[in-house]
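Presented below are the structures under discussion, each in the form of structure tokens.
One chain, subunit A, appears in both complexes that follow, with subunit B as partner in the first and subunit C in the second.
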Partner chain A sequence: KIMSETEDQQLEGFVGDLHRDFILKKAIEKKERFEYWATQHMRVSGIYWGMTALDTLNHLSDMEDLSKVAQFVLSCQNEDGGFGGNVGLDSHLLYTLSAIQVLYMVDGVDGINLDGLVEWVASLQNDDGSFSGDKWGETDTRFSYCAVSSLSLLKRIDAINTEKAIDFILRCQNFDGAFGVNPGAESHAGQTFCCIGTLAILDATDQIDVDNLGWWLSERQVNDGGLNGRPEKLADVCYSWWVLSSLACIGKLHWIDKQKLIDWIHKCQDYETGGISDKPQNVSDIYHTCFGITGLSLLGEEGFAQVNPKYCMTNNTLAKYGL
Partner chain B sequence: MHNVRKVKTSEQKRLEQIEASKAKAISYLEMRDSLIQKITELEYSEDTLLLCQKVINQTPETYPFWNFRRDAILALIPTYTDEDKLDWVKKELNWNKSLIMVRPKSYWCWFHRQWIVDNFVEFCDWDSEIQLCTLALDYDHRNFHCWNYRRYVAIQSNVLPVSELAFTLRKIEQNFSNYSAWHQRSYLLPKIYKEDPEGLQTAIKEDLDLVKQAFYTEPDDQSAWIYHRWLIGMTSGPNREKTILSEIEAVEELLSMEPDSKWCNLTVANLLKLLKKPREEYIHYIEKLILIDPMHKNYYQEM
Partner chain C sequence: MNYLRAFFLSKELTPRALIVTEEAVSFNPANYTAWYYRRLIRNEVGGWDEELEIIQDFVSENAKNYQVWFHYRCVIEALNDPTDCLNFIAEMLEKDAKNYHAWTIRQWALKFFGLWDNELEYVDKLLNLDVRNNSAWNQRFFVIESTTGYTNEVLKAEIIYTQEKLKRGSNNTSAWNYLRGLAKVSSYNELPEIEEFCVEKLESTWGITCGQLYVTLIDIYTKSGDHEKLATAIEYCEKLQSGLDDIHKKYWIYRKTTLEKLIA
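Let's look at the complex of A and B:
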């Protein structure tokens, strides 16, 4: 445990057990509440965030009935081969990736209609190498990452045109060395992770100027030690993942002050209810809990399972299927 | 969730909030279940579109309802007369705009707008689309969804890049700390001067003056400095070394007034490096940087 004091609050270090309890509580569905229905469409991603956090804390076994989770997620695969965010919901790349990642953790990969999925993902690649999120045609570098990561996890990356996929990513690089949503879009740490993750999975990070990019990423660390997503914006815990994993993929993790970031993430914990929030003293949620914890793992905090920066999954879990 | 402060509530208040959430769920589910029934029966009617609108207003991130809406639109609207189509597109874009005003960062909202404009292009008014972007950027000059949509509209409607360049200048004059506007300039200049490398160099020189105004006014704001770095990188031709030396002079002058300015120190060090000066000539800037910005010392040590 790391102990230190601030003016506001006496830190109690990292309260992993509280977070574990927070996550397990969140797994209980409260269908009578409106908030449940406002997020119902992305349940599969919620499961991914919660389980990845538990997995990184080496507490995956605390979850009951993983086979039930497998069953649920598999039932989100549609006839067109893609996965929706919940049962009966339209296929989308965002939820397809989350589904595969969860199935890895619950040993459910063999239940996937593999050919159907691969065909569906491949059909979403456009002529310019980009990917649409679904049949409606929105393109975004997030979807390039979802497609490439999905197929890589299923060892079917050959189903897409990887050269063109790389070309498209490179066209999204901006004047500052970082990447945006589409060609011409402003650099953003989240989109940058998607682009760097894609390049890293496809073994193509040598095609960019990593010094320039690494510097822009390191400049996301602001005075209080946290990381922001773009210049002149406030720090947010989720950028602890998007920025850190990008830095890790290009070998520049040491360009930020690790201890200051660790201390800042610790301050974003809720010492009463557990969970981690986007900023100190805000309401905690599963999403920020996941990325705060995976960020701390990348920073080398003791007692955490190692997380792979390309996939945002633990190496233990990836090893299950030989990755 | 972002930016939701944790507020201490009494037990009574907490229970009241839970009851309110339950009531909201009940009324939401009534609408939602009714909509799902119509989806199952493939009922594409104006009534369904209205119901769909109400449901989306409550949960705008529930993407399957946007998908259903588009299915319904494709089934219904093409059967209308041109006059009715025009009327309908106006209403749809107005409703979409009202949603954007409350959820300005929703990917689904902005995409739907683009989809409507793509599919009903003869019935859209490009000017009002640009105006919407101008309005939204007045609220939040860093909204990248809006900048992306504006770029799309500009391309589709053949807005002259120089006109968009003028817009970025207005934004920068409103607020030098507008990274999004500087970024947009970096996107537009190469486009405008694609066939005119000399023109590009002139434009770069002009922007070097503009950016100097910015960092002299606000030396701590990184937007101008990062853009400055790009401008220098783009500088070429016989006057390149002269330009860089004059930039060093200008930044040194500011540095003399702001000796602890990270950006001044970093910029001078970078410029000297660019001129391939030996490390001894810029090492003291690096040492200064390590003192004033210790979080990044590993980067500075590797410079």
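Let's look at the complex of A and C:
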């Protein structure tokens, strides 16, 4: 991207229409582009990021052929009940959650092989309450979140041992108040969201040291207003979501300097091509566009649909299935 | 992609299939099905040593990719030989000392093979290179908890260690988090030297420049329950909110309000 900005550039505020166009262009991306193939293994998640951004901008209806999207996502459900990141890829909890979230947005939930999915998710819970991402056994608090959120969205949370799931999450809380990928792992804002989101969905946030966590989370705001993921690291737009939603889940959103963060996220927009990038002046992508927009929604920006901090989905969409 | 899928569906587990998967992961190292398939093939035809060389190359080139790191772990597990594992991960950490995947796999290897002996020394080496490396501070906690545990003796030694490191640069969030973490394992009452250290440092330039010093004293005084100390903590909140840590102003306003309620 050309560094066309000069010191005199006016802050143009939020350019929602440019982002909408950016996302819609991605939706019909030509297969010749390298980026299309490089992200092919997580296509379902890419769709989730793009559509959630549109939904938050109240532009979901601008997307054509939602039934085609539903068809495509449903075709990613495998015989074992789980969803792969694309057609013909093995089932994994990451893509299973994304699939369900997309199907919510395109009214395709009824097409899911529900019992198969629930059984598969439940089979991934380990004795210590943790979840493996798939049959290969890697555990990660991200997978706890994916499992719990998936089943909660499908109203089948009873299929897993929720007490043990909570126990495992609690064991991941570190001396600094935040959470890592597994017990003992370094605290990280993304992993922390997964843990707090899990606890919030299971109504168990009262079981942690909320003040200690709240401080760690608000400490993620650095001097230029952006949020980082760990002490001594650089700010990145996606942490606008991971940190903010965690704070929202424990009722401490007001501990962040909102205006400074809003201004910083605005700076991460690409005023030419649309989309939002991880840091000012970098190339924008769907992932950071999604989390920049959902972050701005949580910050109370006008004109955005309300996003639920537990699910990273709009309340409008969640209401479709009575959540 | 369809070519790989055809092979995968046919369940062919041969060197020929291996080549197909290698093409797939070369094109997209995040193609997790291709990596799975390679493990199935290796289980059948062997050659895990060769697989180790291959995956090490992929990890070096794609250090932020989940799939290659997990595959690396699977290869080490299959070989059941951690001989070069810690060295290889150390090499990766040399390029990026905070790589979250590297640390995750390192912690796995330490636990799985019980390789604790030299880890604290390694952490110390990293902290000498960058005293603000949050990952290294976390690893310190992880190793001690997993080995000796935080006995009284260990706690006292760790306080001295942390204080020494703080002298290299007082505004070191990770070191202060660690110090406060030690008090969490035990208590400030049991470890009065922490409060003594902080109060002493107030008289130095730290009293003017070091926000974390006040953060820590606020933590100590809040937990003390002593009214006079609580009043001082309130003063310190004001100091932080009005300049020393004004990006977190909203938090300090909340803290102050909470403390005021305690005294009321």
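Definition applied: the second predicted complex is superposed on the first by the 315 of 323 C-alpha atoms of A that agree within 3 Å, B and C clash if a C-alpha of one lies under 4 Å from a C-alpha of the other, contacts with A are read in each partner's own complex, and residues count from 1 in each chain.
The definition used in the following text is that contacts are C-beta pairs under 8 Å (C-beta built on N, C-alpha and C of every residue); 3 or more make two chains touch, one makes a residue touch a chain.
Treat the numbers as computed from the prediction; the structure is a model and nothing was measured.
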item: Superposed partners subunit B and subunit C on subunit A - clash or fit; value: clash
item: Subunit B versus subunit C as contact partner of A:D176, first or second or both or neither; value: both
item: Touching partner for A:Q40 - first (subunit B), second (subunit C), both, neither; value: both
item: Touching partner for A:D127 - first (subunit B), second (subunit C), both, neither; value: neither
item: Touching partner for A:V283 - first (subunit B), second (subunit C), both, neither; value: first
item: Touched partner set for A:Q221, first subunit B, second subunit C, both or neither; value: both
item: Subunit B versus subunit C as contact partner of A:E64, first or second or both or neither; value: neither
item: First, second, both or neither for A:H188, with subunit B first and subunit C second; value: both
item: Partner chain(s) touched by A:D236 [first = subunit B, second = subunit C, both, neither]; value: first
item: Comparing the two partners subunit B and subunit C, which touches a greater set of residues in subunit A; value: B
item: Those residues of subunit A which subunit B touches in one complex and subunit C touches in the other; value: 37-38, 40-42, 84-85, 89-90, 92, 136, 138, 174-176, 180-182, 184-188, 214-215, 218-219, 221, 225, 230-233, 254-257, 260
item: Subunit A to subunit C touching residues, read off their complex; value: 37-38, 40-42, 84-85, 88-90, 92, 136, 138, 174-176, 180-182, 184-188, 214-215, 218-219, 221-223, 225, 230-233, 254-257, 260
item: Subunit A contact footprint on subunit C (complex, rising order); value: 1-2, 5, 8, 27-28, 30-33, 36, 39, 70, 73-74, 98, 100, 103-104, 107, 132-135, 138-139, 141-142, 145-146, 173-174, 177-178, 180-182, 184-185, 247-251, 254
item: Parts of subunit B lying in touch with subunit A, wherever the complex brings them together; value: 1-6, 18, 21-22, 24-25, 28-29, 32, 58-59, 61-64, 67, 70, 107, 111, 114-115, 142, 144, 147-148, 151, 177, 179-180, 183-184, 186-187, 221-223, 226-227, 230, 294-299
item: Subunit B-facing residues of subunit A, complex; value: 31-42, 84-85, 89-90, 92, 134, 136-138, 140, 174-176, 180-182, 184-188, 214-216, 218-219, 221, 225, 230-233, 236, 254-257, 260, 270, 277-279, 281-285, 287-288
